[in-house]
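Shared between the two complexes below is subunit A, which has subunit B as its partner in the first and subunit C in the second.
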Partner chain A sequence: MKQRFQGGWFLRGALMIVLILPVLVLVVSSGPDKAGAFWNSWRVFDRYALERLVTSIQLAFWITFFALGFGLIVYGGYCGLSPKTRPFLGVLALLPLSYPPFGAASAWMIFITRLEHPGEGRILWDAHGTLSRILYSVFGGGWILGLCLWPIAFLLLTMAAGPQRSQMEAAQLGMSRWSAFRKVVWPAWRMPLITAGAVIFYLGLLQFEVPSLLQLQVYPLEIFIQFTARFSDWSAFLLCLPYLLVVVPMAWGMPRAPGGLAIHAGEPPYRWQSSGLRAAALAGTALVFALSILVPLASLMRHAGSVSLMWRVTTEHAPIVIRSLLYAITAAAGVVILGTWFTSAFNTKHHPLVPACLLALFVLPGVLIGAGWLQIRSYWPGVQPDALMAATLLAAYITHTFLLGYGAGILLWGYYGIRQREFDSLLHVGAFPYVRWLLLPALWRPGLQATVLVMLVLWGDVGMTILLYPPGGDTLAVEYYNLLHYGSESRTASIGLLLLLVPALTLMVAFALTARARS
Partner chain B sequence: MIRQSWISGGIAVLLFGMVLLGVQGCGGASNAVTIYTSVDRDYAEPVIAAYQEQNPELKVNAIYDSEMTKTTGLFNRLLEERRNPQADVFWNSEIVRTIQLKNEGVLEAYTSPAAQDIPDQYKDPEGYWTGFSVRARVMLINQTLVPETETPASVPAMGKDIYQGKTAGMATPQFGTTATHMAALYTLWGKERFTLIIKTIQGRGIKMFPGNASVRDAVVEGIIAYGLTDTDDSYAALEEGKPVRMAFVDQGEQEVGTLVIPNTVALIKGGPNPENGKKLIDYLLSPAVEEQLAQSRAKQIPVRDAIPRPEGVPDLSTIKTITVDYNQVAQNMEPCLELLRTIFR
Partner chain C sequence: MNRNKSFPASTIRIALEGISLRRGTRAVLREVNFEVPAGQITVLFGPSGVGKTTCLRLIAGFERPSAGVVKLGEEIVSSETQWVPPRNRRVGFCFQEDALWPALTAAEHIQIPLRTFMNNRDDIHRRTEDILNSMGLAAFADRYPAQLSGGEKRRLALARALAMEPAYLLLDEPLSSVEGPMREELIRRLRECRSEDRAILAVTHQLDEALALGDRLVILSGGRVVREGQLCEVVRNPLNRDAAQLVGYRNYFSGRLENGTLISPFGHWITNSAGVEKQIRLAAFPEDFRAWPDVQGEAIIQECRPSSRVYRVQAVCSTDCFEALAETMLETGQRARLRCVNPPAVLEDRPV
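What follows is the complex of A and B.
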């Protein structure tokens, strides 16, 4: 029986080409035109680049260490809550993801500066005190980014089929605590922790903005130098190859790997029985939230100074906030809608090249995708209208994050159910009524949530935006990132607060809307 | 049918967003001029706003650069847009990248009538760029840490003198005016001598910062005793009454002098509104703008003698400056950056 949305490979292929086009254009236009120059260009992989790669690996190790640790602590708190209150913690856990990591880093830098130099009005960029020395190191970078990325570990743990109550109760009857952990808890945690660890480690290798604020010479700095100091798109692309060489085979192989990450259905995970254990787990959770949300918030609020200044900055920046939201939400909606269409009737086991390509686009630095779209845009004859400039920025956003739309699409169709789709194929209704009366009522809630999550990723983008925004059309993240380098003053901190609060509020509103609709 | 509905739904969302974003934006008018500028927004914005006020019929679109990428972000944008330029004017806070753009064929020659009284050393003989309002490289010194009797203002001697345990600092040399300064010294000293001196400085453990503004802040706070930065950053600290003093670098008899870095303005080849671009260039090169920049917090030094200087801003003729061909500096930028990459790692 033929399901709806099957076929259409021509359109899907066309979309894939559009997505890959900026990279192709960049490579073709910047590649060396002579064989000698081609082989010479590989000399970018010298020992200095390798030294920076080692620093990136060290940083990624600490990020993974902290993120998994914090994720496990919060998961402990999650298991201490009743099933009714758990969803709230799930939403709260998205907050650290909603703030661009460089914003969190700036808040920590202000915090430490204030601790060591009370009354100082700017960030001081140097390891001049004990705490600063710790902060301005791979360990400090790992700490800050760990506090931003732990929700990945937490969310994967909550999504996975964790230790169930029945299993734990059975284990407690006849096993020691260690045996229960080894035989029941660890097997349930292993896959989500390994997956989260791999994802976080990989994201750690890609980090540029936070290490650059902390004066760390990381591998992506090499890419940045090639692109913005030596203006060699080709060398920058070559330096990205190690990333691609790791992820593309991974993306190819993962769908074929046996086992994998089992998503739990039905029975909620085990709840701690011991009240002491519950209290300890909740205290740990509160501490992680305090470090990842309250410290940046309080640090920026204190640095921002008076409420009147904050209010003035907020009203002055209302247009730029609206514009930034529009960019991020429009692109995120595009990603989710196109991703949902794209993944209908899709089988990753049959088409492993597609996720591999999308993953490659996700891990390429945004500036390279931005540069590719900038070149494509330059084919437009004559003066480029603002709408075209905005459209190319949105296209770059979609290109970079389409992997997330692809993932969202697979989850949304899974949520809708194969049986329901088979049933739908028997209905003789037009396209509009089908979407309006069947798909939308079923999918708008998870679709909206997925859109907001993609929006959070795009909200803090600097690399693509800085190359593509139309005149007078920059975003809050770009403005904050610029001002940060002048030494953060009260006004800058107020903008940083907006950068933190706007996505948090958007997230809360979206989830409140969906929760209300569900009730 | 259904597929079309999904596609059209997606396209509708995208178009809706784009229309709103188009409304939000401000360019696109035919009677417009677009300027890309790497000058600090605090200083460039009032100048551009004044021009907009004088020409209400004209839509002036400006794109500013980031302090982090300083000049180079816009440089990338201009290079990538070469096929169909969207900017009319590039107002650069320094000179070497402008020369590189000329060499890349991005610029159009234009000799502005407003530049007649600008000294020739600040003008491209072929008319591709014109310089005005200079900044100079200075050593900002913490008065509390460094005694009045000492002025550690030599670049080769940086880090040699330690004051109360505090050393010297500079901005990451791959970017901004520090990169230009390094390339000028590379040109002047030659590769071997430059390598020796810079390796010696690096070996003394001087501290690195992301930009000149952060060097200034570190000196003000006493994290470092003295730091290599620009006049505009230093004047800002002096204006705030911070306990610092400023000295132009390498002013000794045997020393090479400081590097003066003019703002440069250039017309973009094939830009959408060349005539409006020329008018904007004429305005930027006018004495009024030089005076405005001199009177700003940055206290940029006018290249015209007749323009009044604020208190504390010296005449350029009283400063010993590096005599170097800016075109050669631009040529040496690439090998110099490569060398610096291997030293500061």
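What follows is the complex of A and C.
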């Protein structure tokens, strides 16, 4: 069926070209011009690179392990709550995602140091620094990042269909508990867990800010060194190839996997019947929240010093906060609006090449996308205006996270409903009234929520922003990242608090705006 | 097709000519031909999965046929070479799932189609009130779909479709999920929608719905039209076994036409086909057959169940199974005699 906006394949193709343009430009402009040099460039995969790759894989394994574990614990708590209180937990679970992982890492570093040396010559516990040694390892990195990324597993589990009450009740009639788990619960959890595991694992492979704070030599650090120290874009691109080789076939195969990720509709998931189980699940949930929100918050507050200092830092950094928010929200809104427009052409069929391309852009390190846009910007003759710098930064943000906009678009159209769209196609209205009369009333709430979620991802970006924005015009995340290395401790902690609280407040405001049930 | 263009009532009709549709290797529709005239409700009837909704979607323009032509009035709107977009077809569509807009009130559901061709705000409000009143929804003008019952949602979906002032109204299972007095009410309102400048096509797989709603009946089976005509005519003379089965005939038997008399093991009837002599196949409703106990009877009772003031009987006669009514309770295995008390329908496609 030809629906509204379905035309314009040319425009959609053009957008795809713009999105992959930075990578293409980077490859073409930096690739070796002779065959010998081409073969030589593969030597970038030396012993050091492979050792760092192994460290990254170990780190990603521990991150996935902890994140899935924490996600399952909180999902257990979610199943212990009544359907009315569940949405509140859903919003609360977004808070750990809203905080840049390197901020959480710095908070944990402060926490462990305080635990070991509370000050005034006293030693509270662990004189031998065992906790520090654990923290400054792949296990510690996995722990910190697991505490930041578990909401991905939790959210995918809550979005998936089941296990529902009727299914569990039917299972209780004729199955043992183990059989019920194997035949009812596990099939419902399998795909969200596999998907979440894959996403978290790849996010773990891409991590370099947290490992660098923990003094871990990881693979993305090698890529970053190629860009910033050796100025070899081509080598950096070659080092990114392992990501693409694994991720793109996965994107191709995922939609075809049996029992794919079905989005929950209708009956709410099962609620634990046993009050003991409910209490245990809720206690576990509270513990996960305490570890992932309260510990970083309390550490930073304690370290930030007096309220007057915190207030001074806040007022001094207000322009940076506003600028950072503006960039993140503008790019996120762009991602969601473009993604919604882009996916409006897809009724039920999705050519796997499109999500595979977008996934490739998402899993490529941000610095690579940033370097590509930097290369494009360098073609600008003369002095580059500030607006151009801001535009390339926004373009880089959109390029890197367009996969999220694509996903949001598919979810939004799914929410709107295919039959509604078919009915709309019978109406004799132009595109603008159609958006104003029908789409906006139905989609502004989920659209705003999606925008805030994408904003959270962009809020903590360091790699692209460092490359694309001139010094002095940094975002709050970049400022904080720099101060972590050479800033005063209490001032850094105050900025860390801002970095944590601003997205949390934005999240709360957005969800309060959209919470009013209209239908 | 332009909304402002006025059509003479005689040109308003839907015609499907030689429509075929393939999905992959599966043929969904095969050479489908039928017409939907204005002023009546035509019911497209058949079991689930035979392509009824697909026919509606082809007419609305949501899908394109693999072969054949869809005509609205005199204009070809879908063919291999021509295609008119749905918004230019003057079609109103009532989906089985209602497909209401969850973020809009009932009044807004009516106003939005009206705003596509009316400019004056007061006129739009007046017309909205009229439509909501006519559908008995005036009290629910400010409610959202989630705050309406199943029947109210269905009426709102119908009101929204009517607000588009369609020349062609397509109804997909309009009575499904609506029960009791609400159902009677909806049938009445749907029948009130008939007019000389509107062709209405409804789809259903329930015989009682088709009988309650329709003026004309088109029976679809296996992706083909097996019978088409005025409702009474189709029910009285299904002409073939597929159509007969679908409209409720349960008893099939052979007979002979001799000197203007129809002779069968279950009765003789005078017909107006004098001079014709041939073997024929006959069909009758269970209500046309009577059973009573007789030790010399040719039928053996298989089952007997009460049905209001009579009993409904299943019996085997020779090797055929028959359904009949009985005035007394009959025991399983009991011998009985069967008689057809009304003239049966003559099936033409299976000469014996």
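Heads up, the rule we're going with is that the second predicted complex is superposed on the first by the 493 of 519 C-alpha atoms of A that agree within 3 Å, B and C clash if a C-alpha of one lies under 4 Å from a C-alpha of the other, contacts with A are read in each partner's own complex, and residues count from 1 in each chain.
We adopt the following convention: contacts are C-beta pairs under 8 Å (C-beta built on N, C-alpha and C of every residue); 3 or more make two chains touch, one makes a residue touch a chain.
As the structure is a prediction and not an experimental result, all values here were calculated from the model.
Put subunit B and subunit C onto subunit A via the superposition and say whether they clash or fit.
After superposition on subunit A, which the two structures share, subunit B sits beside subunit C with no clash.
Does subunit B (first) or subunit C (second) touch A:375, or do both, or does neither?
The answer is first: A:375 touches subunit B but not subunit C.
So, A:438: does it touch subunit B (first), subunit C (second), both, or neither?
second
Does subunit B (first) or subunit C (second) touch A:420, or do both, or does neither?
second
What is the angle, as a multiple of 10 degrees, that the CA centres of subunit B and subunit C span when seen from the CA centre of subunit A?
160
Thinking of the overlay built on chain A, is A:52 touched by subunit B (first), by subunit C (second), by both, or by neither?
first
Once chain A of both complexes is superposed, is A:131 in touch with subunit B (first), subunit C (second), both, or neither?
neither
In the overlay, work out which of subunit B or subunit C sits against more residues of subunit A.
B
Between subunit B and subunit C, whom does A:334 touch in the aligned arrangement: first, second, both, or neither?
First partner only.
After the two structures are laid over each other on chain A, how near do the C-alpha atoms of subunit B and subunit C get, in Å?
Minimum C-alpha separation, subunit B to subunit C: 14 Å.
Once the two structures are fitted together, what part of subunit A is touched by subunit B and by subunit C alike?
none
Taking the touch rule as given, give the residues of subunit A at its contact with subunit B in the complex, in rising order.
4-5, 8, 11, 48, 51-52, 117, 120, 122-126, 128, 212-213, 215, 217, 225, 227-231, 319, 322-323, 326-327, 329-331, 333-334, 337-338, 340-341, 367, 371, 374-375, 377-387, 389-391, 394, 430-432, 434-435, 462, 466-467, 469-474, 478, 481-482, 485-487
Once bound in the complex, which stretches of subunit A touch subunit C?
Spelled out, the residues of subunit A in touch with subunit C are 1-2, 417, 419-420, 422-423, 425-429, 433, 437-438, 441-442, 518-519.
Report the residues of subunit B in contact with subunit A in the complex, numbered from low to high.
Within the complex, subunit B contacts subunit A at residues 1-7, 9-10, 13-14, 16-22, 24-28, 30, 34, 40-41, 61-64, 66-69, 72-73, 75-77, 79-84, 86, 169, 174-175, 179, 207-211, 213-214, 216-218, 221, 223-224, 272, 334, 337-338, 341-342, 345.
Would you tell me which residues of subunit C are touching subunit A in their complex?
These residues of subunit C touch subunit A: 3, 60-63, 85-89, 91-93, 95, 97, 99-104, 112-113, 115-117, 144-147, 160, 164.
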